[in-house]
Amino acid sequence: MNIAMIGSGFIAKVHSNAFRQVGHFFDLPYELQLKVICGRNRAKLEAAAAQWGWEEVEGDWRALVSRKDIDIIDIAVPNVLHAPIAIAAAQAGKILLCEKPLATSLKEAENMATAASNVPNLVWFNYRRVPAVAFAKQLIDEGRTGEPFHYRALYLNQSGNDASKASGWRYKRSEAGTGATGDLLSHSIDLALYLNGPITELTAMTHTFAPGRDVDDAALLLARFANGSIGSFEVSRYGVGCQNRNTFEINGSRGMLRFNLEDMNRLDFYDATEASSLQATRSLMVTGPNHPYWEVFWKPGHAIGYEHPFIATLGDFLRSMARNEKFHVNFEDAVEVQRVLDSLERSALSRNWVKVEKRPH
Amino acid sequence: MNIAMIGSGFIAKVHSNAFRQVGHFFDLPYELQLKVICGRNRAKLEAAAAQWGWEEVEGDWRALVSRKDIDIIDIAVPNVLHAPIAIAAAQAGKILLCEKPLATSLKEAENMATAASNVPNLVWFNYRRVPAVAFAKQLIDEGRTGEPFHYRALYLNQSGNDASKASGWRYKRSEAGTGATGDLLSHSIDLALYLNGPITELTAMTHTFAPGRDVDDAALLLARFANGSIGSFEVSRYGVGCQNRNTFEINGSRGMLRFNLEDMNRLDFYDATEASSLQATRSLMVTGPNHPYWEVFWKPGHAIGYEHPFIATLGDFLRSMARNEKFHVNFEDAVEVQRVLDSLERSALSRNWVKVEKRPH
Amino acid sequence: MNIAMIGSGFIAKVHSNAFRQVGHFFDLPYELQLKVICGRNRAKLEAAAAQWGWEEVEGDWRALVSRKDIDIIDIAVPNVLHAPIAIAAAQAGKILLCEKPLATSLKEAENMATAASNVPNLVWFNYRRVPAVAFAKQLIDEGRTGEPFHYRALYLNQSGNDASKASGWRYKRSEAGTGATGDLLSHSIDLALYLNGPITELTAMTHTFAPGRDVDDAALLLARFANGSIGSFEVSRYGVGCQNRNTFEINGSRGMLRFNLEDMNRLDFYDATEASSLQATRSLMVTGPNHPYWEVFWKPGHAIGYEHPFIATLGDFLRSMARNEKFHVNFEDAVEVQRVLDSLERSALSRNWVKVEKRPH
Amino acid sequence: MNIAMIGSGFIAKVHSNAFRQVGHFFDLPYELQLKVICGRNRAKLEAAAAQWGWEEVEGDWRALVSRKDIDIIDIAVPNVLHAPIAIAAAQAGKILLCEKPLATSLKEAENMATAASNVPNLVWFNYRRVPAVAFAKQLIDEGRTGEPFHYRALYLNQSGNDASKASGWRYKRSEAGTGATGDLLSHSIDLALYLNGPITELTAMTHTFAPGRDVDDAALLLARFANGSIGSFEVSRYGVGCQNRNTFEINGSRGMLRFNLEDMNRLDFYDATEASSLQATRSLMVTGPNHPYWEVFWKPGHAIGYEHPFIATLGDFLRSMARNEKFHVNFEDAVEVQRVLDSLERSALSRNWVKVEKRPH
């Protein structure tokens, strides 16, 4: 399988690492070739190619789409480019991997999903495969949290508070489409849909702190889920004191679960069915034994890092594909995330509760 | 000063303790006499009187209001009784202490504040005087958090999830007026107004999980503050895993502060003005030296407990009164809390944003 | 029961509080009268008497011993005075309460225990009655930790590193007898004997960091317990970063327990009998329900502070006395602590392992 | 540079990963070839070779030593084989990488260091290059901890308590030489020598809990350091509740540092030079900016895992070699670790304090 990666920034490095590492940890049904890396800056491209062993460099993504020897196209470029590349690549029959958020609008996302319906596809919502998160899902499915009452998520960093950092494409509507919403909230919503199911309605606000910036710096929303629970979400690039605080907490009739990406090898669990004197929040080290991916990476008690969930995502995808099974998170799943983001925008604008539902455009 | 306490439940025990202890820690301008305790259940009253040294017991609060030898009336009964007692006592010229929430409606609260305008008065919003909270206020006032971006508060317990606990007066509209809103959110709002100033508008939802219950079990709200920051609040009696999780967090341009009542002797502080490699959340033990009340209670490094902020509240009140200064939290302050709760109710009903402002009734 | 307190420093304040408060939380078989407080500094004494309601002041402890109207003598003075006062008071038939460490030498302690053998007596090793510690004892007794492997204790503060603090009687051999050993290690040893049983042998070192100081600033020891487990202890007044870090940890075949006085309402527990994927350290809030003293003080989820274990100690003592039962910690128990301290001194001097056993003097 | 790896167990996987990954993160002066992997079990070898891309497999390490095309020999086999392989390989002029502990005795270690004196050499004491540990070293060197008072280290896991795990070569004298001492304490001592300098004398005990086992399960020691501070060390395979608790804490006149491998991306720091009301333990996320290796791996706020310090060790070694600089940790450094372990054994046997010094054999 020959891979073409489009993009050469930070996330392209993370994907390159996943391509290089996946075969060391997973028994792969395919052999992966890092064929070509594509981007606009030749010097940067060549450095990235040399560092990660991409065989060729290329300046125009369109050239890749039409190449017969390319099997997989991985999209790791600013958000506004996701749709044109993905649609063209899908039409050319390429296997599609796309960085999140899938798109800059619901319509765009739906078009991408339609186009990609005939090819295997993946969206890099990597946090589902943090072992602690996957273990949370397992505990929920086993009924350990019981009837769901509350879902509560934060994704806070402080990037916006540092003028020197807040100048990249992520802070411009013309390249990113949105601000904290697409960058951070898309992750929180994906995890919520995964762990707690569909959202039926919401009310929201967005806010931009920086004068002159044309994307949102923060977004807050209140939600009702189809399972009867109620939720709150808050994301911000002005969460001073937080470096990468992506958290969720679930309170149910039988227990509580809590995760914080800043301590990604841990999961908090409270078992409300125990004797009252022993009920407490326990801090699980989700590094095995018997946790998701524990036999894939290191030994119990040995931490994994930021890149491992990407490796696990890729490993699972390749194995799904070999078994002809649908992989999640795919483009259709990501459309549902986008539908929530779209509802949020409408609510923030109208200052009303809105239903999260399929609507005619 | 002769005190009459109306009520004999848990909070009456906490107040009795404050009356007994305040003189051991504060140099008092007055001598306090625990004169009479009043309630409906004679046996329970006599036990409480014996335990805490109240001189007399009384069955009818009206009798106390007309007694000339009573200087202070302390109201520690279910919420619906606050207004009639407070108004009658104020008219009789008594010094007034009232448990929170002040009232069951904004109108009631305003009437109480009007009636009490000529007598010294206090509302037992005790958490302002947790040393860690008072120190947070001091750090904010010193500019340590800078320009405010976010205010975020939770007050979660799990009382509603336990059918055996959820049967008292706090779960009935006829006695409590509201549910988690008055019980928990009033505390969160008082702290927010204290630490972050007025709220200008909000949108909110309330929810009742228990079938047949006529008060709210949970309330969520999004808010804008007059100082330009944005806020989120969530309170619930279905916060399984949380025993008394009353938290706030403030993110500002220069720092972050975070408090959790479950670790009430600690305050988290992040100083964003330090060298980047040394920026981190520090866990302050706010037990001295040089913290609020550190010379009042024990030595540095020695924890205080739940009752000490009540003692500090009373000590500060008595000293304010002797100096003829206005004490906070007073009835007028509590009206502002009630105004936010009233706005919340209107928003939850209308499903719209509402302004928090003085309105004709 | 008329009480005479000898001493007027910090710990006398803590004891006074216990005398004042015990009847508010415990059903007492006796009525306590705070009769007389005794010390050398008249002005300080009178202030203390006024603050806590002692009826009389007295300059000479000998006068108290011979007074017929005194039932209880409470010793809250520098360590070197414990023995003469306790022995005289015991001979006069007084009920004896003595601050820790009981004595400045094993011989002194043995003499005190002999003298006190006919009177009810107590040593204020208050930390046994921190609810979290008492709950640890209960879990051990229930077999929750299984076969014991390790006992590990620290007691660290930073008082010695601050020249301004390190000038009181606690830093002088002529008044304190020893330094960190008597002040801090006595607490750690008492808890170890309580929770893990007798120590059979040990090797130790002591160290003085401050030039010219004639007591130890730090002590470290390795130990073997009669139950087959092995232990390590470290105490220091140069534990910079620690305000009152009195910790123990027990590792056994079925579980782990860990306590830190800096978070005194919590106890860490690891249950090694659970399914491996759910094994984790849980942070118990030992504030009820169903924890030691939970119905004595506040409601579940409400913290207690430094003074409550003193109140519980006194309450338990008075109830034991009324039932004619032996109370622990008594003078004989404290002799066993002193025996370990004596062994430590001999080991530190000889640089050898020493047996902890009864020896002819 | 052609590499031959001897060993195919867990640690060989970790080293293989480092060889594969080092060039992705470090600009390397050499090109590495994973030439041959050597071990006794053919099937296991071939699987490892396929997984990590070793070109050849080999059954006899002696054959590798005499091959001219091998530049680097990496020793990842049970401890008793380290010396014969290392000495033979050194005599053949190979660059040497050796897993820790270097040897099973001081004499063996010294012989290895002598043999290796003419070839570049490395011992895989990987924890020095955890960014948090390297940052601790930097803070110490900057004087942030001041005059050193205490060094305190634990390395606890619970492997010994699980009969199913405690059956490998690490639990047999004939293969491992020692038990927890070589396995765990060697790491703790290496970090202590790195961070706090030479140990001058010590007293120690070792203990075996499992009947019939011929290596130590636990070791405890008290130490004096050349810099005037005092230390305690405890390691155990019966530290139930601890999965990989490798900790150190340093208390000095100006500050405290504390690390726990179970939270390897964090470092606790207490700055005792701050205003007293702001002194607190801060939990640094040592993931950048401006922390060791922060530009090597991911972005600030993104965790690294267990394998990254191995990659950093290898990257630093290769760069040192290219610059003709001495690399640390080398065989001579590891001899100093072995000297402490040797002193420990002598002390545990003699039950006396022993000097840690060069002695005639």
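All chains are identified by letter, namely A, B, C and D, in their written order; residue positions are counted from 1 within each chain.
We adopt the following convention: a residue touches a chain if its C-beta (ideal position, glycine included) is under 8 Å from a C-beta of that chain, and two chains touch if they have at least 3 such contacts.
Keep in mind the model is a prediction, meaning the values are calculated, not measured.
Between A-B and A-D, more C-beta contact pairs are found at A-B. Centroid distances from subunit D, each centroid being the mean of CA atoms, peak for B.
Rounded to a whole number, the gap between the C-alpha centres of subunit A and subunit C is 54 angstrom. Annotation: 41 Å between the Cα-based centres of subunit A and subunit B.
One finds 36 Å separating the Cα centroids of subunit A and subunit D.
Subunit C has residues 281, 285 in contact with two or more other chains. Taken together, the subunit C residues at the contact with subunit D in this complex read 149-150, 152, 154, 156, 158, 161, 203-205, 207, 209, 218, 220-222, 224, 230, 232, 234, 236, 238-242, 251-256, 258, 270, 272, 281, 351-353.
Within the complex formed with subunit C, the residues of subunit B that make contact are 10, 14, 16-17, 20-21, 23-24, 51-52, 157, 243-244, 262-265, 285, 287, 297-308. Interface residues of subunit A facing subunit C in the complex, by the touch rule stated above, are 135, 269, 275-285, 289-291.
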